[in-house]
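A, B, C, D and E are the chain letters, set down in written order, and residue numbers restart from 1 in every chain.
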Amino acid sequence: MGLMEKLFGRDWGIHPDDHKRPAADAVTRTMPVPERLFVSLSQHLGAPARPVVLVGQKVRKGERLADPQGAVSAAIHAPTSGTITAIGEIPAPHPSGLPVLAITLEADGLDAWADLEGLNDPFLLPPAEISKKVAEAGVVGLGGATFPAALKLSLSEKAKVTTLVMNGGECEPYLSCDDRLMRDSAAAIVDGIGLMLHATGATQALVGIEDNKPEAIAAMQQAAAAQPHIRICPVPARYPMGSEKQLVQELTGHEIPADGRPGDVGVVVHNVGTAWAVHQAIRFGRPLVARLITVNGGCVAQPGNIMVPLGTLVEEVLAFAGGLNSAPARLVMGGPMMGMSLPQARVPVVKGSSGILALSAAEVAERTEEPCIRCATCVGACPMGLLPLDMARHIQANDLKGAVKTGLKDCIACGCCAYVCPAHIPLVQYFSHAKGELSAQEREKLRQESNRKLAQSRAQRLEREAREKAEAAARRKAERAAQAAATPESQAPSNLPAPQGATA
Amino acid sequence: MIAAILSLTILGAALGLILGIAGRFLAVESNPFVDEVEALLPGTNCGQCGFPGCSGAAAAIAAGSAPASCCPPGGKTTAVAIAEKMGLALDLAAVADTGPKLATIAEDLCIGCCRCIKNCPTDAILGAPKQIHNVLKEACTGCSACIDHCPTEALVMQPVPITLQHWVMPKPLAA
Amino acid sequence: MTPFAYTAVQTVASPHAHGGNAVSRTMLRVQLALTPATAYAFWLFGWPAFFLWLITLGACLLFEFISLRLMGVPHIRRTLGDSSALLTGWLLALTLPPWAPWWVGVIGAFIAIVIGKQVFGGLGQNVFNPAMVARVALLISFPLPLTQWVTPLPLTTLAAPGFIEGLQITLAGLPPPDAMASASLLGYAKTELSRGSDLVQALAAGHAPLISWIGIRAGSLGESSALLLLAGGLFLLATGVIRWQIPLAVFAGLAIPAAIGHALDPAHYLGVIPHVLSGAAVLGAFFIATDYVTSPTTAPGQLIFGIGVGLLTWVIRTYGSYPEGMAFAVLLMNALTPIIDRYTKPRILGRTRAGKPLDIPAKKGA
Amino acid sequence: MSDNLGTIVKNGLWENNVVFAQMLALCPTMAVTTSGTNGLGMGLATTAVLVVSNIIVSLIRKTVSDQVRIPVFVVIIATLVTVVDMALNAWLHELYKVLGLFIALIVVNCAILGRAEAFAVKSGVTASAVDGLAMGLGFTGALTLIGLIREFLGSGTLFAQASQLLGPGFSFLEVQVAGYGGALLMILPPGAFAVLGFLLAGKRILDDRLAARSVAATTPATA
Amino acid sequence: MNLDKIREKTGYQPLLLGLVALLASASLAWAAHATKDAIAAAEAKDLRDSLSQVLPPGFADNDLLGDTIELAQADGSKRLIYRSRKAGQLNGAVFKVEGKGYAGPIQILMAVDQEGRILGVRVLKHTETPGLGDKIDVGKGGWVKTFDGKSLDDPAPEQWAVKKDGGVFDQFAGATITPRAVVKAVKGGLEFFSQHKSEIEG
């Protein structure tokens, strides 16, 4: 096995056109706060946050709007100062177009911060305190997965993490917000990395940056020059280098076990954007209320990176960026490989929005699905060593079990297979569908399990009630019999124990 | 010739003896599938399948007299699981899976008669006499056993709304 | 700011970009790679060869059209347009005797398209290489017309049949005159061997290996020029249509036993050069064994597959009753493809080869 | 089980045809159908065994216990087949030379044990005999059809040597296509698979059409 | 006790199966006895038929099956010779020879008269390529009849070959090996006969 892999190598991944420039080289712009913001309550992985404000209430920028709810969740804060005008459903930034609960905030134009306090010397605090502050600031992973950052920080403390891998790979084409952030705020990021090292107890940080971002590498190297335990590691540009498992293997040589976490090999992975957010949260006490977003795509007139308050409508961001040249064939939130197609432009920006792409028909290259010719290009492209063609075949035949057996659960939905497929088979859609079906089945099974318990307990209850009724009746009968037989006393005692015996 | 006839006869008798003994000691009492199938059914004995309770349905499925897809509240998931257990081919198109449904109570029609409560197999309906009843979403199996018992038609089966958390990416239309 | 109206038409999953590769493009490249060798073969064998090629291709398209129509496939024109049927016909035509009558091409096309491909469910579903299924079925069914080779009679020579004469040969099935009857190099070697002659002497008389290179000798269209086919194969490798594993393994599987046999007993075993450069070896290695649908999907699997094809070809050529074994070897290995695929699955990242999750390594520095 | 005889006959000949519907007895089907005559001969021999075995099984069905049911049936069938084998060898030697190898195959012909198990053991003697006859003739028909197609395509003849099987009076059946040498593949095993496959597909299509027509006939015209 | 109860007894099973086996074997014994003579006669007729194929009609009036001699061949194995007589006078011999064909051995039956001339040649069994080499079958062409009347001197020994090798016998289009093998085998048969003529006559 070892020899085989040495001989043939693991030639995973693809080299798509990156389309990163000129957007990456354009100067970062900051978007003014629009009149109205729609702050979604589901901006993170896990349960939606629970609103703690009332309609009509006035809030200042950075004030808490919603509390985390459940084990995996994150707090949400006001992106500007103003008045809460509604708490209700709006279209979610999600391909389904389903509604999501959101807080509508009418901006007062002052954009006044609440009284926030940063920490001057956070390194004196115990690590758990840092995680707590990060949680209070509602920081989530800004790479796109939006896992609550504080949870990862505190979990990794328990998991005895030795290495902090910082993901600056940004392997998705078109996106350059991490690149831009590293160029503009390298010092803040390095400070954030330091804080995260402290919080996790890791002894070194490896910052993986794809070698197609020389400016970012230079800026980060300069900023981290004084800190030898923070190493900037250029990695070859190859999609999906920024995927957790691939990046950890590239930087540390460790292979994360299937169904495992980076913690299993002593590693925790964070995005460089998250480091910036941690820096903001700890040094200034500022919660996550705005983020850098790449606006790009063939239809965008002036592509670039924009600092956008969370809750701004995609439509407004596109307008601020300079509008569109032509009507887009597809609007995408995130990168073209893993991002979500948007049902419409009137959806809000959320914490996980790394990019807004208005793609032209030529870029989307939509073609009808043809039969699979088993060319196995997808097998060569899959970074996980899966057989996408076999998985898709199983799913086409509604054989979910077969798909799981061929590795469906190991699929990271990176999109390499569909990107290279000459037959234009929407492989990722098959896999997403199957994963959705699987979890629906899982939920259904749980529900049936609990239903069965309910039915059983009801049956037991009815039985008990019937029995009690019968016993009561028997008792009454016995009592009556006893009363009736009060005169011939000798029979009473032999009659009474019988029902008692039955109850025992 | 005689030897051939004799040896064949003795062989037959000996094998018959072995089979007779085997038949005595290796007899299988009941259909082993019944219990396993019953375990896959919801167990709410709602009766929508037309059999007396889930055990009746399980026996019918195991005997082959009922299709694997005979349990409406179980839906597609249960049908697939049973078909797999029994080694049956299942025509998924025949499973009219309209998605899970929930009983809902129209508050303006409910008179608080408590009749539905008595018929709910999972105690999913809360309420007291002369009080408007309420359905516990988590406990309702969508078996619709309560519907016919409502004197005012306040009980209606409604599809469970799809939320972001429950949404499933549609399967691509085959080319 | 330009106002715009945007509503997504349907729910689509990522990715929202595509590398631009297409089935039709792949097929087109294969056809391009075949063109020089085919054109050369037309020159070599004249009009009848061209007519047979044309008839085979046309019949393949027709049968594909009829099958798709019967199965109620929508967008027939688009499906025909992926030119997979065309390619099947082309490859089949390249393996037929150039002067074979028209019905050989038509029946071959029927077997290839209907029995070899559409019956299995169409493109991508067939277990066996359709062109080879047809080739073998024809050979077994009609051994006489399928083994009548003619000496090359280049189009530019005077004796070559003209347009009309060519039509007569193909359509009326005029058998070639006795003087033109010939045998392919492998067939000649087989006959000589069975006579008990010494191969070294037999081959010295008129079958110099050099001729194999230039390809002026009897055989099917696809045997005619190893050199041009090699060039086409290299073009496919360079454009990434095929990978190196199968062709290399086929040559290795054929050449290694040939070299050993020839070294041990040159009187009874043909050498490497005649084995590799004659018969369907080059065509098979680059164009037939590499058929996506019927070959394994992983690199190690393709190596095993290729070696199997090469080795079986050598075994059939050497010990079998037919002089050429490429078609049989490909079909036999096609049958093994699912098993090869099963045992050469790539290792999933984070899992052992058996599919179990990797052990969590002992924490260092804990 | 033993509903009216008409249904039994229809079942055997078409609806539940041994080869085309039950897909049983494929080994002899593939092996002997190199010509129409061979198919016919094998079919008739099988029919004879099938009828007799069905009758015997039906007669003793109440006596046989579950424990030794299958061995008893197998012994009966094997005996019948051996007797047929000897009889053919002795009195129809020419046919025996063609079918000899395959006669023994009737022993393991699952169609016969299948009918004993599925029908004769549950039905009366008359019904069982009719079922055996219908199933046997259905089988014969299928074998003859496959044999004829393969023979025609493979050697360009029809019912070659039929007179040896049926007597000289039937030599008019023998047809030779002039000038056609035949595609030898059809006589070889792959040809059997291909022909059977196409016939199965054909029967499905036909059945679908018939079903559609009967539906159309029962639904009243709405225009 | 009714039948249903008896059927379930353990002792019933060996009784039943034994009885069935007894009846079956008895009927087989009877059938074997009844067909024995007919089968033997049919098989003898088969052999006689093929022997008479290579002999001209009316050539022999003896029972060839009953007049055989076994001779040792060069490799030590035995070859069975059937002698044909007319009016008690030996006038020919019938025997099998084997040729090495394209795809396996070819079994040939040939008859030779007293002067060493071929009376007839038939191919009994072969595995040659259908459509090519199988023209040696008498049913697929009259090629084997071209041997009739030939002897070791006619044609001359060096012309005992197919035309391609400078001989007098036709080859078929596309196949040379098969006829070559048959010619060689028949020639070998003639040589065998001339070597052992005296033994056959004796």
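Following the convention adopted for this analysis, contacts are C-beta pairs under 8 Å (C-beta built on N, C-alpha and C of every residue); 3 or more make two chains touch, one makes a residue touch a chain.
Note that the structure is a prediction, hence the values are computed from the model and not measured.
**Student:** Can you tell me how the remaining chains group up by touch if chain E is left out?
**Tutor:** one piece
**Student:** Given the touch definition stated above, what is the smallest step count connecting chain B to chain E?
**Tutor:** Minimum number of steps from chain B to chain E: 1.
**Student:** Indicate, using Cα centroids, the chain positioned nearest the centre of all protein chains shown.
**Tutor:** Smallest centre-to-centre distance to the global C-alpha mean: chain C.
**Student:** From the C-alpha centres, identify the chain that is farthest from chain E.
**Tutor:** Here the answer is chain A, farthest from chain E.
**Student:** Taking the mean of the C-alpha atoms as each chain's centre, how many Å separate chain A from chain C?
**Tutor:** 49
**Student:** Roughly how far is chain A from chain D, centre to centre by C-alpha average, rounded to an integer in Å?
**Tutor:** Computed from C-alpha means, the inter-chain centre distance equals 65 Å.
**Student:** Centroid of chain C to centroid of chain D, CA atoms only: how many Å?
**Tutor:** Once rounded, the distance between the two centres reads 41 Å.
**Student:** Counting only Cα atoms for the centres, state how far chain A is from chain B in Å.
**Tutor:** Inter-chain centre distance comes to 37 Å.
**Student:** Indicate the residues of chain B shared as contacts by at least two other chains.
**Tutor:** Residue numbers touching two or more other chains: 12, 15-16, 19-20, 23, 169-170.
**Student:** Identify all positions of chain E at which a residue touches two or more other chains, and write them in rising order.
**Tutor:** 12-13, 16-17, 20-21, 24, 130-131, in rising order.
**Student:** Hunt down the residues of chain D that sit against at least two other chains at once, touch-wise.
**Tutor:** If we look for residues of chain D contacting two or more partner chains, we find 66-68, 71, 75, 181, 184.
**Student:** According to the definition of touch, which chains form touching pairs?
**Tutor:** All touching pairs, sorted by chain label, are A-B, A-C, B-C, B-D, B-E, C-D, C-E, D-E.
**Student:** Inside the complex, what are the residues of chain B that reach chain D?
**Tutor:** 12, 15-16, 19-20, 22-23
**Student:** Give the list of chain C residues in touch with chain E in this complex.
**Tutor:** For this pair, the touching residues of chain C are 140, 142-144, 147-148, 175, 181, 191, 194-195, 321.
**Student:** Within their complex, state which residues of chain D touch chain B.
**Tutor:** 66-68, 71, 75
**Student:** For chain B, which residues are in contact with chain C within the complex?
**Tutor:** Against chain C, the touching part of chain B is residues 169-170.
**Student:** Under the touch definition given earlier, write down the residues of chain E that touch chain D in their complex.
**Tutor:** 3, 7-8, 12-13, 16-17, 20-21, 24, 27-28, 31-32, 34-35, 38-39, 42-43, 45-46, 130-131
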